[in-house]
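Chain naming follows the written order as A, B, C, D, E and F, and within any one chain the residues start at number 1.
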Amino acid sequence: MRSGADKFLGELPEIAEKFMKFRNAVMSEGKLTEREKMLIAVACAVAVRCDACTEKHAAEALKMGIGKDELKEAAAVAALIRAGSAMNTASRIFLD
Amino acid sequence: MRSGADKFLGELPEIAEKFMKFRNAVMSEGKLTEREKMLIAVACAVAVRCDACTEKHAAEALKMGIGKDELKEAAAVAALIRAGSAMNTASRIFLD
Amino acid sequence: MRSGADKFLGELPEIAEKFMKFRNAVMSEGKLTEREKMLIAVACAVAVRCDACTEKHAAEALKMGIGKDELKEAAAVAALIRAGSAMNTASRIFLD
Amino acid sequence: MRSGADKFLGELPEIAEKFMKFRNAVMSEGKLTEREKMLIAVACAVAVRCDACTEKHAAEALKMGIGKDELKEAAAVAALIRAGSAMNTASRIFLD
Amino acid sequence: MRSGADKFLGELPEIAEKFMKFRNAVMSEGKLTEREKMLIAVACAVAVRCDACTEKHAAEALKMGIGKDELKEAAAVAALIRAGSAMNTASRIFLD
Amino acid sequence: MRSGADKFLGELPEIAEKFMKFRNAVMSEGKLTEREKMLIAVACAVAVRCDACTEKHAAEALKMGIGKDELKEAAAVAALIRAGSAMNTASRIFLD
């Protein structure tokens, strides 16, 4: 599956090369495992409401052996945080 | 209370004049009352997570006689929609 | 119309049950009427730029007897707030 | 630390009770551990750019024994996804 | 190409008239040229992740003689800022 | 001025090094000049509503000799696009 982001990067080879190195530094094993980072990537794709990112990273996650049941729990956290973040803003109603 | 938006518009008088006419057309009574529109404005300020907008429009709403209890119910709708919108994106996990 | 959010919740029955109770508490009559809350829901769906949410809540609103003319006025408020919120951020240009 | 969201929920006890049950269903151990969910929560707080959420969930994560080094790697994934999501949109430049 | 925004404005003629005057004041030559403003419009469309806006403004930009190579560089800036903005939020992990 | 993003990157030296190379590739002269890219960066910072990014990039722009009058026109484009993007979503009200 070639995403829109892949097509965009294909048009900007010099920037793409640098972006992919940044991507690899972020997504490769560090204190967190690659599996944990991929779960986080899917959840963040949902949090920013990017359909294409969610499809792409979910497909990558499944290929790594992460189950759909895990992905959907990760996505539920994203939905929760979106609601909670609005409640922080909502507290500004009560400033005097 | 002079908001950041007010300061910004003060720097761009010609654009500000046009924006205020747009604003007034949007916020004045039509099929919806001014009170309904102000409730919606506060909820949308929460939905886009703008602290300054929420403070400003909540203050305007209170001046119009809208109660804090009404504003907080409006804000709760905003939080709900933020969670629900993520669930639409999350359904992309299940595409095959 | 079964939305993506409905499908997602169908995959997570335990979380879905809790979410629907939260949803019902938020959307049922309180200080605001169900009609006012549905108008706010449509506007917030536009404010967060969720196509699927806007379609779903607009359909629900029409079923409740809210007119398209009312919905479009609510949506215009959402567009206005999105512009205004950026103007608050824009005022940071003038910090010294 | 009492966040804005906590204050807001304190104003809406009936909705708060339902929201906390939803929250607990989302955040408690399932296929993912509580630790994994908390990491995801911090990353999603960064992804939606909520300062208050990031502070609160980072503090909760540290209390659970998650290290700052882990949190910062999770946050880097959030930043990456925000860039990548824009690249999907950017590909619309090349539609003919 | 008639966008969704065009259709929406077609439904609200009075608001549309005011909005178009605001739009024209913003987009016409001032200290910045129309070309610079159109480049900025495309980048902002990418920054807010609006597919329809990106398609529309990219088409307008091409008609004005702006090249695709220029548009893609503008879009890359949008992606960069989206990542950088998350890093500002991420710094809240390190508050003590 | 050391921004939150700078502090965050200071905590992740390996990722920071890759990110800065990506940043430099994006922001250095190509088909667009550095001045044009900085104007776009400020507008995108406003479009994503990042106060810290707007302050930082506005300061950088001023140092490069870009005037405040130019920055405020760029920011006005960002506000316009935020409103227009919502109008695209709003058109979903009229689907049948």
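The rule is short, and it goes like this: a contact is a pair of C-beta atoms (placed from the backbone, for glycine too) under 8 Å apart; a residue touches a chain by one contact, two chains touch by 3 or more.
The structure displayed is predicted, hence computed values, not measured ones.
Among the remaining chains, those touching chain A as well as chain C are B, D, E, F. With every chain reduced to the mean of its CA atoms, the largest distance from chain E is reached by D. The pair C-D is the one among A-C, C-D or E-F whose contacts match those of B-E for more than half of the residue pairs.
We define each chain's centre as the mean of its Cα atoms; on that basis chain C and chain E are separated by 23 Å.
Separating the centre of chain D from that of chain E, both taken as means of CA atoms, is a distance of 28 Å.
With each centre defined as the average position of its C-alpha atoms, the distance from chain A to chain F rounds to 21 Å.
In chain D, the residues that touch at least two other chains are 8, 11, 15, 19, 22, 26, 45-50, 68, 72-73, 75-76, 78-80, 82-85, 87-90, 92-94.
Arrangement of the chains shown, judged by which pairs touch: all-to-all, with no pair of chains left without contact.
Put simply, chain B touches chain C in their complex at residues 3-5, 7-9, 11, 19, 22-23, 26-27, 30-32, 36-37, 39-41, 43-48, 50, 52-53, 57, 67, 69-70, 73-74, 76-85, 87-94.
Taken in their complex, chain C has these residues touching chain E: 49, 68, 72-73, 75-76.
Residues 8, 11-12, 15, 48-50 of chain D are the ones that touch chain B when the two sit in their complex. Chain F contributes residues 14-15, 18-19, 21-22, 24-26 to its touches with chain A in the complex.
Per the touch definition, chain F reaches chain C in the complex via residues 42, 45-47, 49-51, 54-55, 58, 68, 71-72, 75-76, 78-80, 82-90, 92-95.
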